[in-house]
Structures are given as structure tokens and as C-alpha cells.
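By letter and in written order, the chains are A, B, C, D and E; residue numbering begins at 1 in each of them.
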Amino acid sequence: MAYGGIYLADEFILETSGLTKEFAGFFAVRDVALKVRRGSIHALIGPNGAGKTTCFNLLTKFLKPSAGQIRYKGHDITAMPPADVARLGLVRSFQISAVFPHLTALENVRVALQRQHGSSFDFWRSKSVLDRFNPRAHELLNDVGLSEFANTPAVEMPYGRKRALEIATTLALDPEMMLLDEPMAGMGHEDIDKIAALIKRISAKYTILMVEHNLSVVANLSDIITVLTRGQVLAEGNYADLSKDERVKEAYLGAGHG
Amino acid sequence: MQALYAQLLVGLINGSFYALLSLGLAVIFGMLNIINFAHGALYMMGAFVAYFLLNLGGINYWWALIIAPVVVGIFGMILERTMLQWLTGLDHLYGLLLTFGIALIVQGVFQNYFGSSGLPYSIPDQLKGGVNLGFMFLPIYRGWVVIFSLVVCLATWFLIEKTQLGAYLRAATENPTLVRAFGINVPRMITLTYGLGVGLAALAGVLSAPINQVRPLMGADLIIVVFAVVVIGGMGSIMGSIITGFALGVIEGLTKYFYPEASNTVVFVLMVVVLLVKPTGLTGRAA
Amino acid sequence: MAEAKLAEKPVAAAGADVLTVKDLQAWYGESHILHGINFNVKAGEVVTLLGRNGAGKTTTLKSVMGVIGKRSGSIRFDNQEIIRATSDKIARLGIAFCPEERGIFASLDVRENLLLPPVVRPGGLPLDQIFTLFPNLKERLTSQGTKLSGGEQQMLAIARILRTGARFLMLDEPTEGLAPVIIQQIGHTIARLKSQGFTILLVEQNFRFASTVADRYYIVEHGKVIDGFANSELSANMDKLHTYLGV
Amino acid sequence: QEKLDKTVKIGALSDQSGLYADLAGPGSTLAAQMAIEDSGLKAKGWTIDLISGDHQNKPDIGTTIARQWFDVDKVDTIVDVPNSGVALAVNNVVKEKNGVYINSGAATSDLTNAQCSPNTVHWTYDTYMLAHATGQALVKAGGDTWFFLTADYAFGAALERDTTSVVTANGGKVVGGVKHPLNTADFSSFLLQAQASKAKIIGLANAGGDTTNSIKQAAEFGIVKGGQKLAALLLFLTDVKAIGLETAQGLNFTETFYWDLNDKTRAFSKRFSERMKNSAPPTMVQAGVYAGLIHYFKALEALGGNPHDGAKVVAKMKTIPTDDPLFGKGEVEANGRVTHDAYLFEVKKPSESKGPWDFYKLVGTVPGNQAFTPLDKSTCPLLKK
Amino acid sequence: MSALTDDTLPITPRAMRDEMIVFAAMALLLAIVPWTGIYPFFVMQALCFALLACAFNLLIGYGGLLSFGHAMFLGTAGYVSAHALKVWGLSPELGILVGTAAAALLGLVTGFISIRRQGIYFSMITLALSQLLYFIYLQAPFTHGEDGIQGIPQGHLLGIFDLSKPMVLYYVVLVGFLAGFLLIYRTINSPFGEVLKSIRENEPRAISLGYKTDQYKMLAYILSGTLAGFAGSLKVFVAQNASLTDVHWSMSGEIVLMTLVGGLGTIFGPVVGAFVIIAMQQYLAGFGQWVTVIQGVIFVACVLLFRRGLVGELAHLLRRSL
């Protein structure tokens, strides 16, 4: 973490300023200044349509900002193509489960490992050269508890396992920062606990920004929470503080919460 | 100068066909999510129905303008009910392949019976002849084609953008399930929409019969140009396809005047340019 | 005036069952979601389905509406079996549905959105009455449907089904994402509709809101109805509710 | 190869369904069938088979069929091939396989000039003849500025080339031209260019459906009324039928055969049209298929059997003078060119026509020895020996 | 929405062994053809189309891109080779090289224009591009328009093999086909092929993993076009002409049909499909345009009834990838 002066500039791995996305006159995200501290679990919450997913899409360059800046690790990535952003170690997972359905779990992870180590354009070589990634792939699958699924096509895996696989694939890229969009969506209790533990575990190594509607998950996991409404930042703070904030109560938690 | 005006007129006529056909494609694509490759074949059927009506039943052009679109529209609706319907939920490309197959069948059958050369269909008496406008000689029939297509295009636009039926159509394009849950028989509407799009193609076929002869392959090459038109203009909006259709016809006409060698290719070249500048097309709605 | 008209045409005698669902099962593709839902709704009632995320509440409503591909069991509405009917037929029997995701059409303006659902039987709320209920809509008639604020979209979604003359309304989480002040307004609306003889089947996460309008509750869990009680029994059932819903 | 036998296999290769199908196509196959019957060879113990194919006006399809006919079906002789592009391509194959090639339908004079072959006989007509007969007459009548509307393939190019040389040789001038794809439906923009050129004569270097369409649409755009004259350099009976006398009347053109020339042609035509689907009398091309085969059978008889050696048979054909009921007397010249009389016709007015196919007025005759390329001007390499 | 090649089966080592066995059997079968009395011209033609369909399949089956203009590669390479052989007098091997290189270049140019659009738009753009090329070739002097380039000299390959001998030509074409086939097979089972498959499966995810997917699709497109061009150059020696038929949209349609019949995204499907369609055309040639009708019926039947194609259905029955 940031102790010395040298690191101070680096205290925030991701910063946005004035981030805005306009859809034909409608501002989905407006003037958002977000600072994500290195090594933290940062949650983004807000009512439906507040602009959270849009925000994610902007950060990972799936959408082009209408205005504003995004800085990641000191680079201005505002105009960078999505693949380059991923190469810098800023990687997202998807709201809808994102795996390669007809590849096995092992292959899923390998595709990600392969990207890191080049040779992906070699159409004249046998794919057995990819076997060298197997040990690391198995390791990653093990990390998320998927060892026994290594040779199962992703399409045949239960929902929660797919989510875990997706996280393993994301980890294979050796990211510095992960964006998780509703990682618990569609999961049963046990799964939620497992994934929550997984997130907690990996957060030791990575910075995590996540969107989550499950308040108990947010409360348990996140170091800091930003509340978005109507595309704008309403408040920021830890769960305890926010749950007392009148504006947050009004906009998101509702009058009865707290 | 005279030649320029004349070529512009010829361009407008081609533009009429582009507009009618791309309009039909857009209407169908909106509801069925299918690029109707059979559109050219159905256009050709429109012309043939007019031909049969005249030669077998002695029914004239004016009735053909009404009957042919209805007949071909019904044929289209049968296609939709028996085949296209089963593609819901599959990749769009299957729609392309299926309708391509249908086009081959229809064109092949007509080729077997009528060869590949043109059958004559003469201009209705009321529209024969031409007027000398001073700056050019205007064959009345060709003028009629331009004006009539324009009216049909605008009427279609009005129907879809400004009426309750059109509201159903647009809504069902977005969310068919919900529209159906409001009590509207969406499958029937889809069938009718296909019929409408196909009917527009058939109408274009009738209009073109006196100009282009009635030939089994009359639509086959045309449809590819129309595809280029669609790529340029996108299928996002009804008005968009109408305007792009006419505009490209005119550009083609201009090319015929200034650089005739490129007249076959200008639409495609334009498509390339548009794609290079704006990969999503002018009014891009991504597939 | 309108109320007089409405009173002439009750859907069924008050107190009689309008909707009876027995052993309803439903599937999304391969996945079996509903495993035997049983409940009933009487004329003029507001009945609320409660349950956790993913319990199958929406699926239940959708099954009644006939928009779920595969379903079995029995759904009787107005003494007619509708388990096999298509959704357009069901709508024409007088059931109207306001979906969770609101379903406002982007290619239609507010007026077109409002006038979209066809009138299925006489006796729907006239426009002026709808505008009294939701004054915001009147001012925004020409803007594009999805340009409305979330709250306004929700109003629009409810308003458009009131016009149709359907007397049986199914509202799926009508308060989701809405500011409390609008939630209050929706609460009043539901109360008014009820007093005008509408029957309402409600799905709610927001239990506090539900308790202000509901006559009876059913608890849905894992695709089954596991409990049910009247509003009057609410306090007695509070503990159970906590365990069911985790609130 | 040296052995002679009495089996012959003939392939009628034609455009069976396209824009030349009416003037050749199934009618040509019928003509070939009638030639086989009329030759009387069957009675003398010969077996003669006839198969037909559709080249669809595509050279590659034509050569594929031809090659397969020789390789697999053991065909001896290919007849008709009414498309210059296909004809020239098939010409190569026939030579390679040493078959016999009796071309009736193709127009290009190259078949007996630069591309001539010892296996080829070009029967009915060619672009040289068309250019000299029709072209010359028109220039002499004052049509001294020309604009060409040319079918963009071997035929159009040859006809334009041969006509241009006639026009310029007679003091006329070609002021422009436009090429159109084979089988075009809408000629409006080409005609507009022709109109804008202000040429006195618009020369139609196209054929079949292309010619009929150009003539009909020229009427629509008021071109003839505007004072320009259309020269249908190649016009067939079936084309006149398609255009209708109303529009076609007065057109001048050249053919080497017309069903109503004399008693012999009328007799044959009667037999022919009775067997045609639409009762049409034979066109010049179909007549040429018949006459060419009749002459071929004479050569085979003279040889005493079929040597299955195309060059040998064609050589024999060149030694016998031609004489048949349809084209009269003539000869097969050393370059493969068949000479016979050519006739200048004019299309009748509707009021002059007395029957469904009564279309032509004979206005002149060019004797066979003047109608075609003089041998000393032929560029055929076979002559250089 | 389900993708075109949704039920591709995972490739296991065992499957790969099976594939090698099938490949050996296929090669052997083809090698004995000239001794069976089957018209070799027919088989050579079919081999060219089989290679073409395989090249096409590389793009659709493994890249998820349906090109409706693949005839442009066939035709372009054909014209260029034909011109090189006839006019420049190049040797056969150089003629093939030049033609194939032309196709590669064409792939680069058209890929640049088309690759950024997906789904039906990609199909429509490739179709339109091929039609553009068709019109250019219709008018360009060197192609001789409708007449085509005829009477192309076959020459001696590497100065040794006399290609005007049907036997020699047959084995040259066969070797060319097998080489092309193996290259495609290798590409599918290469590191590149893995990425390609993952793009087809879930492109947004591949992008998020840091792949510049356009570049992969572009390489696949160029490879596919180049191999299709190679098939076109080989075909010049078989047909001894180059013509507009090979750049016409109906040829592009036939390529799609062959692959669809055999099975999109199967390894051997395109080969089977090409032979089936060519044989059908051969035996039904006498029925005129009914061939077109039958092709249309097959299209419709494939789409409605067996989307997996012949080989795909078989593979599905055997639970093997073929």
C-alpha cells in the first residue's frame, strides 16, 4: 500500500474525472469522478439504470465516453482500444456469464494464458505447443475449486461453476485490477458464499471494482462504496456510514432502511 | 445537357426499384430479423403474375398492380408460415441461407418454364408515348414509375411511422413477447409483415415489367445491388432506406452520364467508401 | 362517470375465485423453474406473491400470462382453463400484465406507448382519468418512451394497461428502482383501482410496500408456494416471514 | 482409327433457354433430327445418334460439355453453337479432340479467319457478310455517321469491327459506341448515349433478345421519331415476331435463308413448323444446322463410312460442292467458310403481312461468291500453306 | 441466439487420431480413382471445389464468418493464373503462385473493408464486393469479359510433369488438394485456431481477454481467401479456361451449399459436400435448370431439417468430431 511519497501518486490505481456518457441527449453517466484505491475492494451501487454497467463499459472501453478522462496506473486510457486496456491489466468479468461454451474448462483458461505468451497467430504450428500452459491452468482451476471440471465443456457446467470459471479465466491474465459486474447474480446461497470467499481471497493480490445488488455481500466485502444515481455520484464511504446517509436512504436504500 | 437530364431520369427509375426493394427488406428485417434473399425472386414473381394476368386472363396492368402484390404476398405468407417461422431463435444467417434456397427454387422453376430470356410486357395504353419537355424526351411510363413508387414509399412510411398498426409493428420489433401479451396476435402480424414486404417487391416487379421485360433472373442481380444499398443506408429506418434507394439511383444515373464505364460498379464502390469511412454504414444498426 | 360504467361490469361476483392456479409447472428451455404452484385470487382482491430473488414469482406471472414456452398444470381464469392458451388470447380474456422490466418501447413515443395495448373489453379507464392519476404523463406525451425517467416509465407501464378494460392486473415489482415518493403514489393508485373493482396480483420484493396494499400473501420458494396468509394474520406471521425472506 | 464404321454420334450444342433459344435452341435440335431422317442413311444401315446440350451462352460450360461429349460420350460431330464466344472456345476443343464442327449459329468471321481450323465448317452466315450486305447498303443510302450499340463479347466485337471497316471504306464515320452486357434488359441509358451522339445511324451489333429490346426501347424514347435510323445488323425471324411489325416495319437487314423464299424452303418449313412447339417456321440458324448436316452425311457416304477422324471428314466436305434445298448451291472453302447467296430483306408493314409469319420483303440478292470474305483476304493460317 | 456451428464437439486427442484415420482413408480412396474408370476430369473438378469449400469452411466453421462472396477468390486466382500462363507464358508452378498471391492480396483488401462487420452484414458486404469484382472482370480487357480466357496451355510442372496428360494432372491436383487440406487442418488445430474458436464462441469475452479479434478474423479471412485462390489456380489447369462463372454470385452460393450439405464446422464435411454437389450437377446436367431448383431444395432442407449437414449428423451420431 501507499506509504512513501513515491507511491502516493499511485495510491489510486484507477481514476476518472468528468466521465460522461450521453445517449442521444440522455446522460447515462454524468461527470463521474471515481477513485479506486490500489488493493481495495470497491463497490459501485445504485438503483437500476443509475449507470453502473455503463460506467463499467466506459472503463473497459466497450463504450466510448462522451466526455471525461480515465486514468489507469498513470496512463490516460480514455482513447485506448479495449484490447489494449486489457493488456494493461484492467480486466472485466461480465454481468451475463462469459465463457467459451464449447471449450473445456482447461481450454477456457488456456485461451487466456495463451494471450499473455504470444504465438497466438501461429497457424502453422500444432496446438500441442499450448500444452506448456497446462500446469498453470490446472493451478488456476484449483484456485477456484474447479479441478474436477478441467475436461468438462463449459456449457455443461452448473451456473455457479461457470462464474467461477470466468473468474479463473480472468485471473489467468494476471490482471492488476478486476471489474466484476454482479458476480453473484443468479447464484444460490452456497455459491454466493463460495464466490464471496474467493473474491476475498484474491483481493489480497488484486484491486477489485464490483457492481453488486446483494447488499449483504456489499456490506461484507467492500472497503469502500460509491453510490450512483441518475449517472452521478451521490455519495461515497463505507457501508456503515452510507446506510445512515439520508440521501442514500432516499435514493437507494429507501426511507425504511438503515 | 439533355443527356444528363435523361440519365438522371433513368437513375430515378432505378432508384425507385432500389427504394421499393430496400424498403421491403427493411420492413421484413425489422420484424423477422431476416435478410430476405428471396426478395429478388419475389420481385420477379410480381412481374410474372402481371404477365400471366395479361396473357392468360386478359387482365390489364392496372388490375395487376393490385392483384400481383396480393398474390405474391400470399405466397410469401405461406413461405413464412411453413418455413421462415421455424427459424426463430436461430442465428440470422440461417434466414439468409433459407431465403437464398427459396430464391434458387423459385428462379429455377421459372427458368425451366420460361427460359432466361425476357418475355415482353407492353406498356399500358394510357401511359404509352412520351412528352418532349424541351430539355429532354420523357417517356410517360417512366415518369409514372418514379411518381408512383414515391407515393407507395411514402404511404408505407406513413403506415409504419404514423398509424396504430405501425405502432404495433414497431413495438413488436422491439419486444414481440410483450406485444403479444397485450392481446395482439404477433405471429399473424409477422406473417402479414412478411406479406407486406414481399408485396412491395411484387409491386416493384409489376412496375418494372414493361421496362425490363419479364425474366426469371430479373431480380437476382438487382437484389445484390439492393444489398449494397442496404449496407450503405443501413436498415435502421424506413425513411433511410427510401432516401438511400432514390439517392443511389440518381448517383448511378450521374455516373452513366459522366463515366459510363463505372455505372455498374458505382453503388458497390460507394459501399466500400462508406464502409471505410464509417464501418457501421450511414444509419448503422449493427446485426 | 367512468366509475359508474365500471360498476356495471364486474369481472365476477365479488368473493368468487377469478384465478385458480393448480400444480403449475414451468420450464425455461431445459431448466425446470416452477415445481407446482398453487394459489387463488378472488374478485376484487389484492394478492401479493413474496419470495426471494429467483424464487419463481415472475415466472408464475408469466405463466399465467402465457408467455412461458413450456408449462403444465392448471390455470383457470373466469372458469376457463387457460394453461394451453396463447398470450394474446389470454390478454383478450381480460388479464393485463405489467412486466418487471417495464417494457417501454423505444421506437414509440409516450402517446403511442400509452395507446399501444388494444382495448380488449369495454370499461377501461378513459384517458382523462389516467392523466388525473399520472399527471406527469400528460406533459410528456410526445417524448420518446424510453427517454422518460424510471419513475415515469413505471407509471406509463401501469397506465397503459388500465386503458384496456382488463379487470385483472398483474404487476411485477411495480416499485422497483423507484423513489419513495413515487412508491407512495403507486400505493394510492393500487388502492384506488381496488376500490373500483379491479383485481390485482402483485409481485413485490418491497415487503413494507406490499403490506400497505395487500389483502393476502403467498410465499414462493424454489418454484413452489410454501405458505400463505391474510393481511390480518400478518403480525402473527412476522417471524416466519423473516426466515422465508431473510429480511 | 483407320477402320471405317457406320456409327455417328452428333451433339447439338446450343442456347436452349436463353436469349438465343428461340432462334436456335430446341429448333436446331429438331433441324438436326430432320437432317438425320432426311439423309436416308438409317435405311442404309447406319446408326446415327443425336444428343443435345445447353451451353447457356457461357464458354466454360460449352467447353466442359464439348470435352465430356468427346471423352465420355464419344461424340463425332458438334453442330450449331449459336454464340460466338462459346463457338470459338468449342472450336479449340474440337480441334484438340479431332472432331467435326459444323457451326451454324455463331456469327464471328474469326472462325474462318484467324481462328480457322481443319475441323471446322462455318455454314450459315458471318459478321463479314452482315457488315458488307447491310452496312454497305445503309452507308450508300446516306447513313454516313454511325454509333454502335455492341454486345460486349466476341460476336459484338467482331460485328462492330467488320462493320466499321465497311463504313469507313465507304466514306462514312463512326462517331462513338457503347458496349452492353450480353442479355441486357434495360437499354435506356445506352440508347440515351446513342441519342446524344447525334449519329445518323445507330448500329445494333447485338442479336436475339438484345436486339429486340433495343429496338422496342428506342421506340419508347422516340429515337426514330427524332430522326435517327436503327441498323439491325443481325435480325432473325423470331426477333421480328418479338418486336411486332408495328415497331419493326421498314427495318433493313440481311439473311441467307427465309422460309418463304421458294417452294423448297416452304416445303421444308411446313414440315418443320408442324413439329415445333409453337409452330414457328425455321430461322436461318436452324436451317443452317439442317443443311450443314445434310452435306456432312454426303461426305460420310462418299468416304464409305465414318473414319472417326474429324479432319479427314471435313477435308472431304470441302471437296464436294454444296447443294441443298434450303441454301441452294455453294461450296465449302478451304478455310471452312461455306458460301451461298445472301438476301437483303425489309420488314413488311402490318398491312402487307398476310400470315402469322409473313414478315419479309425481298429487296435484293448478293450472290454467294460476293457475300463472304474473298479467300485472298482471309487471314486463315490454313490457306498459307 | 444460437450460432451457426453451435454443436461443435470438443476436440480430444482421440478425436484427432480418428481424424487422421479418416484422412488416410480419404487420401487412399482418391489415389486409386484413376484406376477405376471414373471420369478423372470430374474428380479433379470436385477436388478443386472440395478444397475451395474447405477454405470457406475455415472462415465460417471456425471463424463464425459467413462469406457470401468466396467465388471472388476462386475467380481472381483463376484469371490471374490463366493470364500468367497464357499471356506471360509463365511455368505452371509460377502461374499457380501468382494466382494464389493475387487471391491473398484480394483477401487483404476486401478483408480490410468487410471484417469489421459481423453476421448478415458481413455476408452482404462480401457478396457485394464479389459482385463489384464481377463487374470489373466483365469489363476488364485481360479477362476477355463474357468470352473468358480460353485454351490455356497446361505446360510442364517444374519442367518435369506433363500436365496435359490426364493421369499426371490428376495426381498433381490431388497432391495440391491434400496439401491444402492439411494446412487447413493444421490451422484449425493450431494456437491460432484455438483463439479463432474462442472468438467464434464469444467474441466480447475474447476481446476482454485482450485479443484484438479483428486481426485474428483478418488472418483467418486472408488464409481462407488464399486457399480458395489456390483452388482456383489449380482449377485453371483442369478446365483450361477462366471465366465469369467462377466469380458469379451463384458460384459463391454453391460454395456455401457444399459446405452446408457436408456440415459447417466439420473437417471432412466440405469435401463430402463438394463431391455430392458436383456429382449431382453432373448426373442431373440433362435436367437443365432443375439443377438449380434441386440445389435450392437442398438448401432449404439443410436449414430446416439437418443443420449439421451429412458429416455433422454422422459425427453427432458417433459423438466424434469429424
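Worth pointing out:
The rule is short, and it goes like this: a residue touches a chain if its C-beta (ideal position, glycine included) is under 8 Å from a C-beta of that chain, and two chains touch if they have at least 3 such contacts.
These figures come from a predicted structure and were not determined experimentally.
Between chain A and chain B, the least number of touching-chain steps is 2. Within the contact network of the assembly, the step distance from chain C to chain E comes to 2. Taking the mean of each chain's C-alpha atoms, the chain whose centre lies closest to the overall C-alpha mean is B. Among the other chains, the CA centroid farthest from that of chain C is the one of D.
If each chain is reduced to the centroid of its CA atoms, chain A and chain D end up 77 Å from each other. Centroids of chain B and chain E (each the mean of its C-alpha atoms) stand 32 Å apart. Centre-to-centre spacing of chain D and chain E amounts to 40 Å, using the average Cα coordinate of each chain. In chain E, 138-139, 288-289 are the positions where the chain touches two or more neighbouring chains simultaneously. Shared interface positions of chain B, defined as residues touching 2 or more other chains, are 111-112. Contact of a single residue of chain D with at least two other chains is seen at positions 16-17. Chain D meets chain E in the complex at residues 16-17, 54, 57-61, 63-65, 67-68, 71-72, 85, 88-89, 92, 152-154, 179, 181-182. Chain B meets chain E in the complex at residues 35, 83, 86-87, 89-98, 100-109, 111-112, 220-221, 224-225, 227-228, 230-231, 261, 264-265, 268-269, 271-272, 275-276, 279-281, 286-287. Residue ranges of chain C in contact with chain B, taken from their complex: 65-67, 86-88, 90-92, 96-97, 99, 103, 105-108, 112, 115-118, 120, 161, 164.
Across the complex, chain A is touched by residues 6-10, 183, 186-187, 189-195, 197-198, 201-202, 204-213, 215-216, 219, 223 of chain E. On the side of chain B, the complex with chain C involves touching residues 164, 167-168, 170-171, 173-175, 177-186.
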